[in-house]
Each structure stands twice: as C-alpha cells, then as structure tokens.
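A, B, C and D label the chains in the order they appear, each numbered from 1.
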Amino acid sequence: MRLARAAVAEFLGTALLLAAVVGSGIMGERLAGGNTAIALLANSLATGGALVCLIAVFAPISGAHLNPAVSLADALRGGLSWRETPVYIGAQIAGAIVGVAAANVMFGLPLFFASHHVRSGGAQWFSEFLATFGLLAIIWGCARHRPAIVPFTVAAYIVAAYWFTSSTSFANPAVTIARSLTDTFSGIRPDDVAGFVAAQLLGALAATALFAWLAPQSGEASHDLA
Amino acid sequence: MRLARAAVAEFLGTALLLAAVVGSGIMGERLAGGNTAIALLANSLATGGALVCLIAVFAPISGAHLNPAVSLADALRGGLSWRETPVYIGAQIAGAIVGVAAANVMFGLPLFFASHHVRSGGAQWFSEFLATFGLLAIIWGCARHRPAIVPFTVAAYIVAAYWFTSSTSFANPAVTIARSLTDTFSGIRPDDVAGFVAAQLLGALAATALFAWLAPQSGEASHDLA
Amino acid sequence: MRLARAAVAEFLGTALLLAAVVGSGIMGERLAGGNTAIALLANSLATGGALVCLIAVFAPISGAHLNPAVSLADALRGGLSWRETPVYIGAQIAGAIVGVAAANVMFGLPLFFASHHVRSGGAQWFSEFLATFGLLAIIWGCARHRPAIVPFTVAAYIVAAYWFTSSTSFANPAVTIARSLTDTFSGIRPDDVAGFVAAQLLGALAATALFAWLAPQSGEASHDLA
Amino acid sequence: MRLARAAVAEFLGTALLLAAVVGSGIMGERLAGGNTAIALLANSLATGGALVCLIAVFAPISGAHLNPAVSLADALRGGLSWRETPVYIGAQIAGAIVGVAAANVMFGLPLFFASHHVRSGGAQWFSEFLATFGLLAIIWGCARHRPAIVPFTVAAYIVAAYWFTSSTSFANPAVTIARSLTDTFSGIRPDDVAGFVAAQLLGALAATALFAWLAPQSGEASHDLA
C-alpha cells in the first residue's frame, strides 16, 4: 500500500512538473513577442515555483524524487530498494508523458507531436553533465542536514541552471524523454534524447561518488531524501 | 466573536488579494509597452507576493482560505462546519468585489465596469480544472505536515500556474466573479464566469477525493488549514 | 547604550534601504531601453531583496522599523516608548537622506538634486493609504505569531505593492522625504511629499486600530516587532 | 581530513558559483535581443538561485565562505584560524578560475579569454566598497542569530546589489579575478581587478569593525558562519 501511494505520488508529481515546464514554455513564447529571454524568464520562474510545491507536497509520501537519476542514485547509496526502483522510474516516465499531454491540451495543441528542437553536441552534453551533477550535489548536501529547505534549494537551483547551462538544464531523464513529445519552446528532438540522458546519468554518478566522501554523514539517507 | 473575526479576516484578505491581482494587472499592462509577457510577469509576481503575506497574516485568524473552493473542500472533509461555510463564502465574495473596486479607484478608473475579455472553451476549462486541482493538492498535501510553509508553497504555485495554464489560473470562484467587474488586463467576461467556476469546483473535488486516499493523515485538517 | 545601538541600526538600515531603492531605480531605467515595466521589475525585486536582509540583520538590534509610520504605530500600541520614538524617527530620516546621497554618488550624479516627478491626486493618495494599511496589517498580523518570517512577508508585500498601487507604494514617510532629493526613476517632487506622508499616516492608524480588535494577542508587541 | 574536505567544498562551491554567474550572463545576453536590463535580470536571479543552494550545501562542510573577503574577516574576528585562511583563499581562487572555464566551455567559447569590459573610476570603487560592506553586514548580523536563513538573506542581498550598485556588485576578490578571464557579459578588464579588490577589502573591514560594536554577540562566530 505504501509503495502504491509512492508510485501514485511519483506519477502525479512528475505529471504536474511536466505540465508546468511545457505549459509555461508555450505561454512564455506566445506572449514574449519574439524576445526569447523573456520567455525563458517566465519558463524558469514557473518551473521553480512548481518545484517548490511539488517537492513539499510529495516528499512525505514518496520522497518526491520526480527524476530517475535521483531514484537511481538513491538506490546506489542504499536508500531506495532495488525492488522499488523500477516502480519509481516507471511512474516517473509515465507521469512525465501524461504531463506533456496535459500541457499540449491546455494550449489547444495535439496530444503529442514530436519536437524538432535540435539539442546536441559537446557543449550541450557537458551542460547536462554539470546540471545533473549540481542537482545531485544539492540533494546529497541538503537532504540529510536540512530536509525542510530542500523544496526551496532545488527550485532555486533549477531556476539558476535554466540560465547558466547552454542546454537550459533538463537534468532529468524522464523530463527529457517526455519533452521530445511536444514541438514547442521546451521540446527536444527525439534523436537527441539519448545523449542528454547519458550525460545526466554520468553527472548524477559523479556527484553521488564525490559526496559519499565529502558529506559521508548523508550515507544513510533514506528514500525520504527530500 | 471568533466567527466574526474570521469573517472579517476572509473579507479583508480576499479584498487585498483582488486589489493586488487587478491592480498589478493594470500597472503591468500600462507600463509594458505592449509586451504581454512582461505584464504577466509583473502580474504573477505581485500576486505571489501578496499571497505570501495574506496567508501568513490571516491563517491564524480564519485559516486564510480566501477562496470558496477551499472552504467547500474543507467543509467536505469535516474541517469547517456547515454553519460557518456560507459565512466564509459570503465574506470572500463580498471582499473580492470590494477589492476590485479598490484597484479600479487606485488607477483612476470607474468603480466597476464589466470586462470584455473572452475566456471560454474546452482548453480554458481544462486549465481551470487542473489549476484548482493543483491548488487543492498543495493545501491537502502541505497544510497538515508543514503549515508553516503554506504561505510560500501556495504563492509559488500560483506564480507558476499563471504561466502553465492557458487560462492564467483563476482557480478561485470569488476571484472569478469579481474579475468580471473590471475591463482591464485581468478581467473575464461575465458570460464566461459560470464555466470557469464549474471547472474550478470539479478540480477541487477531484483533488480532495484523491488526497483523502493519498495522504489520509490530513483527514483531520481543521479549518486552520493554512 | 542599547538605544545608541538601536539608533545606529535604524540609521544604517534605512540608509541601505534607500541606497537600494534609488540605486536600483537608476540602474533599471538606464538599462531598460525605455520599457518602464522592466525598470520597475528590477526596482521592485531589488527593493524586496534588500528588505529581506535588512530586516533579518537589524531586527535583533532595533526591531528593524526603518519607517516612522511603523515606529509611531508601535508607540501607540505600547511597544516603543515615547522617549525612544523621536530617536528612532530622527535616525530613520537622517539615514534615508544619507542613503539617497550614496545612491546618487554610486551612479556619478550630484549628491542631492530635487525631483521633478509629479505624484499627486486622489488616486495616488488612496494608493498610499492602502499601501501603508497593508504594510501595518502584515506587521501586526505576523510579528507576534511568526517573527521569523517577517523579513520575507514584508519583502514579498513591498514587491507586490510596487505593482498593485498606482503610486508604486512608498508607504514610509522617511523614504518619501528622502526620495524628493533625487531627480531619478524613484523620485517624488518635494511639493508632493506632504500629501503622501499624510495618507501613509492615516493608513497606518487605520490598520493599527483594526488589528487591535482583529488580532488582539498582538497587543503586547514589543518594539522588537520584526 | 576536515580541512581537506573544507578546501574541496570551498573549491567546488566557488567553481559552481562562477559557472552560474558567468554562464547566466552569457545566456542572458545572447537571448535578450539587446535589452541589457533583461540580461541583468536573468543574471541576477540565476546568481541568487545558485547562492541559495551553494550556501545551504557547503555551509556544514566549510562554512560556505566562497569569498576571500569573508574568510579574511572571519579570521580577523577569531573564527577561521590563520593556518586555514590561506587554504581557504587558495581553494576559492582556484575554484573560481575553474568555474569560469566551465562556463566558457558550456557555451562553446575558449577556455579563457581576457575581458575588455572597462570597470573603473570612483563611482565604481565606491559601489564595490558599499556592496562588500553590505555583504559582511549581513553575514555578521545574521550568521550567529539565525544561521538557517543565511542562504536566503545572502542570495536576496546579491540579487538586490546587482541592481543598486553601478558596478553590479562583484563584492568578492576571487570572483573579480576569475571574471577577468572571460570576455562576456560579466567580465572585467584585468587592469581593473586591483581597484575592485582593494575597495572590496576596505568595505569588508569597515563592516567587520562596525558590527564588532553593533552586534558584539557575534564576536565568537566560528568559521561555520553560514
């Protein structure tokens, strides 16, 4: 029963996250009159606002991972069990896809339509590596010491990372897969998904390894890591 | 006496909320030089800022519902009594209308003048359903576990929802009724009010039902839910 | 000695507040390329950011009033003594004037030069009444129950009030006097100062009277009100 | 071992800070279509977001100074030992330089290329003096009383100071040195580094001396000052 609730929480949380990411991208681009910086400002602030509440709401139920890279890293450090891990990741990917559909419908677009937004090359992959490294550093650094501020630190980080990486910081394999299904502001060409996901997983691994030494007291972090 | 104070709190809080929503919409549009994204950025951030303080101030007095959908959902779950509920809703609607008048007067406009802003159709109604679903999810998910952060999570959510829904997330029947009385940036045509309110109530019901299962420990939430 | 420290805190805090308000107004206008909404966005966010830290830093020393309307209201409710009140107000006004000079110098402008920005008329006065009413409502509503969040609620309120009032919410007599001494974005014509200050004091009185009934437990608020 | 961890934390934290500052400056300028205010809005919000999480993550390990002026001031007040101080400062400068390289690479630019951005003159130096004075005032004022909010107050301060100083508030010698190595939005001409650093150190000293009297209870602040 607890796992069923956790799976629903991961599904619903990731769905609402994608609705926020994709929806605010569409709205931002429609209203910004061609100024991409203003569209990205709206997109990043809306994503941050959504993360604050989604993590606060779902952390007590499932840990509010909302991200396969987080669930995998947590499993590696002995938090999430290997039996629960595929349930979490499946719920996240399914939720992400449903969330993209919700955003598309809210703006009168087709349920799904493949993105043509090219996001590829070394600079983008390095950006995704660094973005996910930073995200996991925050999770391992904050989650044990000060779990109460994790909704705010993760949100603040993502707002920043939308701007300081050239890839606008997807930093989440479920988000990356789902964003290939909308040909709007926040989309990514299906061909480019694999490169992003690989870079994200490497970044998550690197941060998890480093923080096992740097902040060892967080070794016992349970899957209630947020 | 306690109910009288609560009614005044709901009246005053909703009035100040509407003054903030409508006033910042007018200011944003006047200054933005035709760039609607910049106007909505100002409008959303100002609404969020107002919510942080209004919820913090009025929660100890009335629970800071400021929203008939919240009061109804709370009554359904056994928080607010059915005797108090109409007092709350009446105070919210009256306050919302007075708040719109205050905004109109601050900007040298008529006390009331009906909006011509068309907001209708399936995509908009689905947006309002989802916006209110999310709002109630946050309230049921956070209010019991971490009441101290509710002012911040609700504000963060509304800033995000202004952007990720095509309706700019009214998510509040009192707000919807009152915003029909100003023909400015944040207005809604009187004919479109009923559709929005219906979608909002459905969204609130859906979230309340789901969270009764997903986060059952919040079942005893009193009307001090914020 | 405690009063000397409090006076220095009020002086320094109000000086830094005015440096932030006036300086960010100048920077915003210089960079915004004629789009006043973008300039006001920068101005309001910078003012909010400054308030968060100034209240957090100076509250333990002086209560971080930084505003004669707050000191007067606190004295009326028995917090600040009538002997300390003129010391506070004197320090605030002196600090505000020095802060404007600092901003002018940082941007290579004359130490002082009178503003030509007309801010007058009923709509503006009503705006200042409401802005200061709201500010004092937050102080009386939050300061006793949850002093730890006052830096954030006051900052959030001022960001919002810059946008939802037609006067951009001065809400502070010391700030109003000092802003007459800079002919830049945030200035006010010296002739218009008296009207603003009168409206502010009326708003502060109205909120103080209402909250004596609405939230009576805050009656004993000491001058450590933030 | 503890010092090794602290050095890695200062290195990594300052590297990520510079990646955020420089990267978001490049992104902001590329997307803003020539409107410098929008670029600076993105740059300031991204820097603030990064500071929130970096201070929260690294404070338990090293105090999260990320700034030679902070380490020196802390040593002067008996926090950081004089043996640790050069280790901290070395790690900060090395980290800052690596962070600039990371930002340059993320955006497909050369690893290092000297800035041509002139930042000089009395108004700029006074800005840096005041910016660093304010930063240290926040650290001495908040770090003892309320360490839990330091990530938020420092971030709020820096967002504000980007706007209210004419120098956009470097306020950090390691940041200043490193930003000379990128000819992008946030760069500074190598010739202008010394003047900025001198003004910053004077500002830090002035605030440290004043707060030794104004808030003497913070005299025992350890190097866990954040």
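Here is the rule we use: contacts are C-beta pairs under 8 Å (C-beta built on N, C-alpha and C of every residue); 3 or more make two chains touch, one makes a residue touch a chain.
All values derive from a computational prediction rather than experimental measurement.
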Quick check: superposing subunit A onto subunit B on C-alpha atoms, how many degrees is the rotation, to the nearest 5? 90
Under the over-half criterion for shared residue numbers, do copies subunit C and subunit D use the same patch or different patches to meet? different
When centres are defined as mean Cα positions, the distance from subunit B to subunit C in whole Å is 28
Separation of mean Cα positions, subunit C and subunit A [Å, integer]: 39
In subunit B, the residues touching two or more other chains are 35, 38, 41, 45, 48, 152
How do the chains pair up in terms of touching? List each pair. A-B, A-D, B-C, C-D
Applying the document's contact rule, which stretches of subunit B touch subunit C when the two form their complex? 5, 8-9, 12, 16, 19-24, 27-28, 31-33, 35, 38-39, 41-43, 45-50, 52-53, 56-58, 60-61, 102-103, 105-108, 148, 151-152, 155
State the interface residues of subunit D toward subunit C in the complex, per the touch definition above. 34-38, 40-41, 44-45, 48, 121, 123, 126-127, 130, 134, 137-138, 141-142, 145-146, 149, 152-154, 156-166, 210, 213-215
